[in-house]
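What follows is a group of structures, each given as structure tokens.
What follows is subunit A paired twice: with subunit B in the first complex and subunit C in the second.
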Partner chain A sequence: MIKFLISLFVSISVFSQSNPLKQPQNIKLFADYLFCEKDYLRAAEEYLSLDESYLSDTIIYKIAKCFSVIGEFEKSLYYFKNIPSSSFFFHNSKREIGKIYYLKEDEASLEHIIADKNNSINDLLKLKFALKLSKNQAADIENLLSYDDEDFTTLKKFYYQRKNPDYKSELTAGILSAIIPGSGKIYTEEHSDGVTAFILTGIFSYLAYDNLKHEHKFRGYLFTGIAAGFYLGNIYGSVASAQIFNAKVDFNFLESLSEFLTNRNYFVKEYEFCK
Partner chain B sequence: MFSFLIVASSVAQTDWQRWEKSEPNYQKEHSFSQRDYSYSDNSFSYIVSKTLINAYWFLISDVDGDNCPFHPSCSSFFVQSVEETNLLQGTLMFFDRFTRDSNPVGREEHYPVYKNYRFYDPPTLYALDKNKINFIPPKRVIE
Partner chain C sequence: MNFVNKTITQFLIFAVNLFAQQYLSEQMKIADSLFSAEKYFDAITEYKRLLYFDSTKQFSFQANLKIGLSYKEGGKLSESIKYFTLAEINAANSKQLFESKIYQVRSNILRRTTARADKILDELESDNRLTEFKREIKYWRAWNKIFSDEWEEASKLFSQLNETKLAELCLNTHNKLYSVDFAKYSSMILPGIGQFYTGEYLSGLISLAWNLFSGYVTINAFNSDRVFDGIITANLLWFRFYRGNFQNAEKFAKEKNLLITNQTLQFLNDRFDGLKP
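This part shows the complex of A and B:
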């Protein structure tokens, strides 16, 4: 019995040592599979379980990419920074780092990698351009307007949009509503609110006038107060409406900028690892 | 082994309640506007406006029903506006809100939606403080 148990124990331990699933090449194959299935967290874990001697540039790049996709930016930065300058992935890793700094809105670090002459400066400059635009600091990037390629042309359009936004003047909206109730709201493109304000102010003003004319003093003063409330409230609301309109312009600008950057993948090249 | 199986199967059988016919509720969940009658500020303008609105809630709104299409409701908007600004500005904000409330056209295309299926229109948007304006696009659901 003891012999049987010993032999069983030995055979199990030998088998477990030679488990093919735990062999490095199979771990790598499994991690590659997970990577291609976009199961990035588990793919990174599998790659990291490999011995250090198996961590080629490609694998380090893939680990960094996995962490970048799932939003683990600090870990991602660590691995992207570990890619040597001799590597095929070096320049793209810098773009990936730039993308992370853009998403973290870390302007100083972005400037720092731009200052490094080894990096592919143009794509990083585009990110800096976009970051300044998103922070509404268009004046700081006038020196970048001389660059010329397809992306810069689009970014310049964003620049001019930022510099001359289609804002509505709060003062104009207020004055218009003071002259004709509701016209300030129409100016800020709140057409139906403008018409409603005009009707409400008109009705209550007429009621006030009619009641005062017929010596119904209480009702006359009551409707006068309500009409004045709607009149003044509309002037106030038109100013507020212009502010909200301008906030909407900024919001739409940032949405379009973000859409452009997403479509251009933040100027990062994607490799076809899963062909 | 036999006794082990008996014990294991008796422990595993934890659902002793009989299965019965259930009465599912197919009504859509509806959360009514919260009525908070308490006073949270000592300022004169707040006390005046809150007293007015408490009286309106108690005597009219609770009897009439929860009908305002906006969140916060117009009455709550008034109180919050006065709390946010002052009595005069809050009153102007309320008249402006009442104008928007009287306009039935294109609300769906204009306002985000609060979780209680009302149009979300908070007083912070109208306090004339640009830093407080948080633009939310129409139709987005606010949790």
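This part shows the complex of A and C:
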């Protein structure tokens, strides 16, 4: 009993000397709470305020994860790289590093970690595959086509889309509109624009012809000018429309690729820290 | 001996509780000092720490309110509303309830979700516990009218509260505003008038000229029995310029009104010393 009282007395004495809310154990508890509340910047700051002796590989991993989520990639890389190879988190930290290099489009660094035999190569290769696709360098990844799992199968579909994109030729669009006004727009799948351009150019050409035929020179030249404007504008518009169509193809491709990678979490495993 | 032991144990346990209380109060002071020093990010961290360790929830209202205020100062209005709502849940009396809800109103006004602000003000107005705050409720409703672009209404409400300066300012702004409908419909009657009304004289003249020209070409075609020419010119030239004319007048009126209201809001932000959202 006396021992208990003494220890209680000592505890109170210690308690009264320092702020218990700022004791390492409580800082860690609070940081864990912030992490689970997705208040990542504050969580990282709290973890970092802990003495080095408290920084287990789990905490280092969480710090790195916090910085990664808020886009502080350099800090995140620093902590992910500090996870020892003996750690349970080692392989996933390499995946996280790969994800950051992918997001930073840092191909050389991604290659560098792939070259390290200690790493989980396959997932990193998938990121390399995706990065090459996003940069439109499909020719550089033909050696990766032999890999075979569910993700690689999807990536291969993207590869073939990238290699044979559904582009429209700007030259064809221009020539078509020069021959039949509006047909270039129809070729680039702008159907209503194409029909409108055909009708407008036709009507103004007819008005120009009709007025000139009946010696109404002023109106004839006026409608000729308008018809010529529509005709030339339509050729230019068809070329521009093909460019826009191609840009849309690229945009949609990158969107789908990004959606696939986001759904697969960039091949990074997530741990249930907040159960 | 047993009695002595029991007494000492009770005293020590009481002391532990006392120290815990003391540290929570200390924590509140630390957070408050950061808040006063306008270090809002750090203040939020310390208030959140307090909330996390405050198992008795005695600081829930204050800490949540201050977190909300910190977020509001940092321009994170949606976050601020979340914490003002948490403060509302933890309000212990009608004053705290009013305070937390009125801050929700103020954040909503700044966020321009004025319909939501109006709804909260209605709730406050119909709450029998809050009859002593009628004046404040009306004051913030007037501010909400300002941000809803209902300047005349805002002026009336401020007048009822004897806030003469604000009432005058709102009325002046209201009087300066262009009538969007007048600009649009007058241009329908005579092309270019709406542009003249909004001070865009060159645009008004050009609009009038184009309409006269295309109108002349169209009417001339009909007069010469060239009905097809007339229909095509009317549709593709005259109606196009006519429609563009009144749409343009409407756009000018809206743009000018935005400029006027922004000037007033800027003035209120920079020079008005009273309470504002």
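Here are a few things to note about the model shown:
One rule holds in what follows: the second predicted complex is superposed on the first by the 258 of 275 C-alpha atoms of A that agree within 3 Å, B and C clash if a C-alpha of one lies under 4 Å from a C-alpha of the other, contacts with A are read in each partner's own complex, and residues count from 1 in each chain.
Here is the rule we go by: a residue touches a chain if its C-beta (ideal position, glycine included) is under 8 Å from a C-beta of that chain, and two chains touch if they have at least 3 such contacts.
Worth saying up front: this structure is predicted, and the values here are computed from it rather than measured.
Residue contacts after overlaying the shared chain place A:L207 against subunit C, while subunit B stays out of touching range. With both structures placed on the common chain, the touch criterion links A:A197 to subunit B but leaves subunit C unconnected. Judged by the touch definition given at the top, the superposed model places A:K248 against subunit B, while subunit C stays out of reach. For subunit A, the partner touching the most residues, choosing from subunit B and subunit C, is C. Applying the stated contact rule after C-alpha superposition, one finds that A:S53 touches neither subunit B nor subunit C.
When the shared chain is aligned, subunit B comes close enough to touch A:G233, but subunit C does not. Touch criterion not met for A:S146: it reaches neither subunit B nor subunit C.
With both structures placed on the common chain, the touch criterion links A:N263 to neither subunit B nor subunit C.
Across the superposed pair, subunit B and subunit C both touch subunit A at residues 200.
Within the complex formed with subunit C, the subunit A residues making contact are 1, 4-5, 8-9, 11-12, 15-16, 19-21, 26, 29-30, 33-34, 39, 42, 45-46, 200, 203-204, 207, 210-211, 219, 222. Those residues of subunit A that touch subunit B in the shared complex are 192-193, 195-197, 200, 229-230, 232-234, 236-237, 239-240, 243-244, 246-248, 250-251. Residues 89, 91-96, 98-100, 102-103, 105-106, 125-128, 130, 133-135, 137 of subunit B touch subunit A in their complex. For subunit C in complex with subunit A, the touching residues are 5, 8-9, 12-13, 15-16, 19-20, 23, 26-27, 44-45, 48-50, 52-53, 217, 229, 232, 236.
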